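Same chain, two partners: chain A is paired with chain B first, then with chain C.
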Partner chain A sequence: MLRTLLIGTLLHAKHLSRSPFEIALALVIPLVQATLAVYLFRAGDEPHRLLEAAVGAGLMGIWSSVLTGSGGAIQRQRWHGTLEMIMLAPRHPVLMILPITAASAVTGTYSLLATLLWGRLIYRIPLDFRHPVAFLVAAVVCVVGLSMFGLLMASTFVLLRNANALANPLEYPIWLLSGMLVPIATLPSWTVPIAAVLPTTWGARALREATSGGPVWPSAGVCLAISAACLVLGALFLVSFERRARAAGTLALS
Partner chain B sequence: MGSEYAIEAEGLRRVYRTRTGWLRPRREMVEAVRGVDLTVRRGELFGLLGPNGAGKTTTIKMLNTLLIPTSGTARINGFDVVRDTREVRRRIGYVFGGDRGLYDRLSGLDNLRYFAELYGVPARDQKRRIAELLELVGLTGREREPVDGYSRGMRQRLHIARGLLHRPEVLFLDEPSIGVDPVAARELRQTVAGLAASGTTVLLTTHYMAEADELCDRIAVIADGRIQALGTPAELRHRADGRRVVEIEAYGVPDTAVAALRDLPGVRETALEERGALQLLTVQSDAHVDVQGDVLRELAGIRLGRVNSREPTLEDAYVAIVNAS
Partner chain C sequence: MKTLRLIGIGGALAYRALFNWTTPAMYVGTLLAGPTFQLLFFAYLGRQLQVADDRFFIVGNAVLAASTAGVFGGTMAVANERRYGTLGHVLLSPRSRTVIFWGRVLPYAGNGLLITAFTLGMGVLLLGLRLPLDALPGLALALAAGSLACGFFGLTLGALGLRFRDVWVVSNVSASLLLLLTGVNVPREGLPAWMISVGQLLPITHAAEAARRFAAGEGLSAAAPQLGWELLVGAGYALLAAALLRIFEAESRRRASLETL
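So, the complex of A and B:
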């Protein structure tokens, strides 16, 4: 099973990394995000938190990639006729869908690295992490968390033919609610319970704590626990939604 | 499960429900398959023939578990397609025609590796199995090239290799030769015949009569969601016994002229096929009535090419069956 997930993730990542559209986005978006983060924090008179801002901006990139991967990629598979072919495999549907969202998160990691690199080269942000090893671990935890969250979303996208229309509006609210760029404390109180159940909130917090100091491991642990819940729920939903998609005839375009 | 049949379908029916618009949603129901009954013996090469929209692909997709039937039942090697989905999927392969269904930016080899893994080919066998199949479909040496550089015929051969990775007992081929050049189509037919000879049950849908005639042990003609005729190619050909066919090459035949031909004494069927600027008009009549003179009189003033009178073929029988539905 692990082998299937690994090979699937590698091949989907290979497929994604050969798309001229994805490559163009990967080159431009991190630069825009690094610039956005720098000017936002400079304007807020918090230049000492520039690295934190760059990390948050990079995380936004991973999230965008996962969202595109779970919504857009499943829609593309539907267009290309590969969704039916993978769903026809005699395996649990998680083994078909998780590699797609995991590959999106893995390729999205590039966005985090590129944002940090642009920040260093253009805006001279020192890459001075308080806990460098914990930062790497937290980054991996974020990728795992986002993959599982992507799986949960992808389960609905398997059912719905216009999945990307549903996926696109989710991009900005999750950035905001998870505190990737703006601290959660500045948001209205009603957003707190929503933020608390998002793995992205805890992943972002773990990265921030590894960057500027704080207890990294509890946040990383909560992120992993929520990810596990996403995996279980995603697996249950996938079985149910795959059956409903076969009943509704939405695995194919026509 | 020791069923005598590889494929069994009873009263298979499928309705599609569509909804358009948000404020004032309009719901529509389309009955694509209206009660299909068929059985295919193990090792048989069975053809499903029909015009566009007849229900061929919907029937195949219900049999291969991609669609759940609205009513009726189907079994593959004794396993129910709705209840025992995974058991069915272990035993079937699915190949469809056209450009879709492959990861274009990956190589042919990567596509096969991925699907071998998904379809549960044991890791130790994958390399050997992939090499065997590349050899079978004639892609050895091209397997490391990206699929987006493949010709239509190469893609189709890769599709077949993918469909055979896990040695399926039943293979569904949905119009595999569509858009494939004549040489590639002949090679494809040889591959399919070889598979059937080795014991694989094959259900083939096709538009091409010659393909069905050459390959299939039995053929079902489907139109309007129902099986209209079922038998061996020879039995179906007999449906056109007692008929004669006049074929006329023409340019610019109006619909009114075709309608007028249908009313001529002795005429049973007419069909008009567009072949670029040329039209091929086929008129089937009772064998004992010579309609050629009357037909040419009706077409007076229209530019005509070659005129030919001949015995009916399987294609003529097919046209007669579909038109009668």
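So, the complex of A and C:
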């Protein structure tokens, strides 16, 4: 099972790395977001939070990558005419779809590296993390959490012929609700329960705490627990929605 | 009269045939919900950082909302002809290609205006922005100028689609740069001089400035210079698009790469 996941992730990461579109977007857009965040934080007279801004912008990039990846996970297979073959494979559908979202999250980690390097080289932001080792662990936890959240979303996209319509507007709400740049405390109180069940909220919190101080491990633990719930729900939805799509004859319709 | 017909009916037909986001789900998701969430994100970020008041972000992001329809629509107006294998038929037409493609911008500009008005309305409803009633005609003018300039900017990017195969990279990166360089979300005085200079040549920059003046209760005389600049930028991109379409068409014919995907 682990071998299927690892080889699948490697295969899809290689596939993504052959796309000039994916490469160009992954190279440029995180840097634009990091630059925007730096100038906004400078304009807000909060230069001491520039490292937080760079980390937040990097995490935003990972989410964008996962969102595009999970939105496209089903859609691309439809366009390539391979979705039916994937669903007919003798392994559980989760083992076929999870590597696609995992590959998006893994390639998305470039965003985090790029925004940190960009901040260091161009804006001279000192990379003095309060807990450097915990930061690395929190980054891995984020990647795992986002992969599984991506799987949950991808599973619902099996039912939709135009998954991009749902994926496109989800970028900003998750950035906002997860507190990647905007602290959740500044949002209306009704958003708090929604934010609390998102793995991105806890992943972002773990990274922030590793950057500027705070208890990293509880946040990382909650992120992993919610991610595990996403995996279970994603697996259930994927099987259920796949059956419905096959019964309705819409599985391969793009 | 024939030219007007070509612009009007030709533009509408091309919009229906080539714009991929006309289905209700795509339209609502990408063109209405997306800009609204973007507006909320930057308004809350601005509140937290105290960079500027809500009006700055609401009006700025409302004007920017036109860019999605304009930039991607303009690109689709050219690139999708190639994708659907109909580019050759358009280029064989005995009518002026410049008029044909300029006419295609108008539905996207109208669409952009609709989206900006919706986004501004959401800003009023969700964040409690108050606008003086007498500012509305001026605001409509500024939004229309921004939408038109965005449409021609998108057509310029679309023209690149005759030369480069993956024009969507250019569109996506350009849309992202508009967010940074137009001063919609970062006060322009906080940006480096070179970014301000580049921003002056982009659509949205001057329209956002004009719209902010109208929203602050200033009259047409205060916003007129910025409106004029926005229209000038739009006209510049219209000419650039026409020139690029002509050059790349000739080159594509010469290299026999007109319909190569």
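One rule holds in what follows: the second predicted complex is superposed on the first by the 253 of 254 C-alpha atoms of A that agree within 3 Å, B and C clash if a C-alpha of one lies under 4 Å from a C-alpha of the other, contacts with A are read in each partner's own complex, and residues count from 1 in each chain.
What we mean here is this: a contact is a pair of C-beta atoms (placed from the backbone, for glycine too) under 8 Å apart; a residue touches a chain by one contact, two chains touch by 3 or more.
Values in this document were obtained by computation on a predicted structure and should not be read as measured data.
Contact with neither chain B nor chain C is seen for A:L2 once the two complexes are overlaid on the shared chain.
With both structures placed on the common chain, the touch criterion links A:V28 to chain C but leaves chain B unconnected.
In the superposition on chain A, A:R243 makes contact with chain B only, not with chain C.
Using the contact criterion defined above for the overlaid structures, shared-chain residue A:Y172 touches chain C, although it does not reach chain B. In the superposition on chain A, contact is made by A:L251 with chain B only, not with chain C. Touch criterion met: A:H80 reaches chain B, while chain C stays clear of it. By the document's definition of touching, of the two partners only chain B reaches A:M96; chain C does not. Once chain A of one complex is fitted onto chain A of the other, the partner contacts of A:K14 are limited to chain B, with no touch recorded for chain C.
Residue overlap on chain A between the chain B contacts of one complex and the chain C contacts of the other is empty. Interface residues of chain B facing chain A in the complex, by the touch rule stated above, are 16-17, 61, 64-68, 86-87, 89-90, 94, 96, 98, 100-106, 110, 113-115, 117-120, 123, 146, 162. Those residues of chain A that touch chain C in the complex are listed here as 20-21, 24-25, 28-29, 32-33, 35-36, 39-46, 160, 162, 164-166, 168-169, 171-173, 175-176, 181-183, 186-187.
Touching chain B in their complex are the following residues of chain A: 3-4, 7-8, 11, 14-15, 18-19, 79-82, 84-91, 95-96, 243, 246-249, 251-252. Of all residues in chain C, those touching chain A in their complex are 23, 25-26, 28-30, 33-34, 37-38, 40-41, 44-51, 166, 168-169, 172-173, 176-177, 179-180, 185-187, 190-191.
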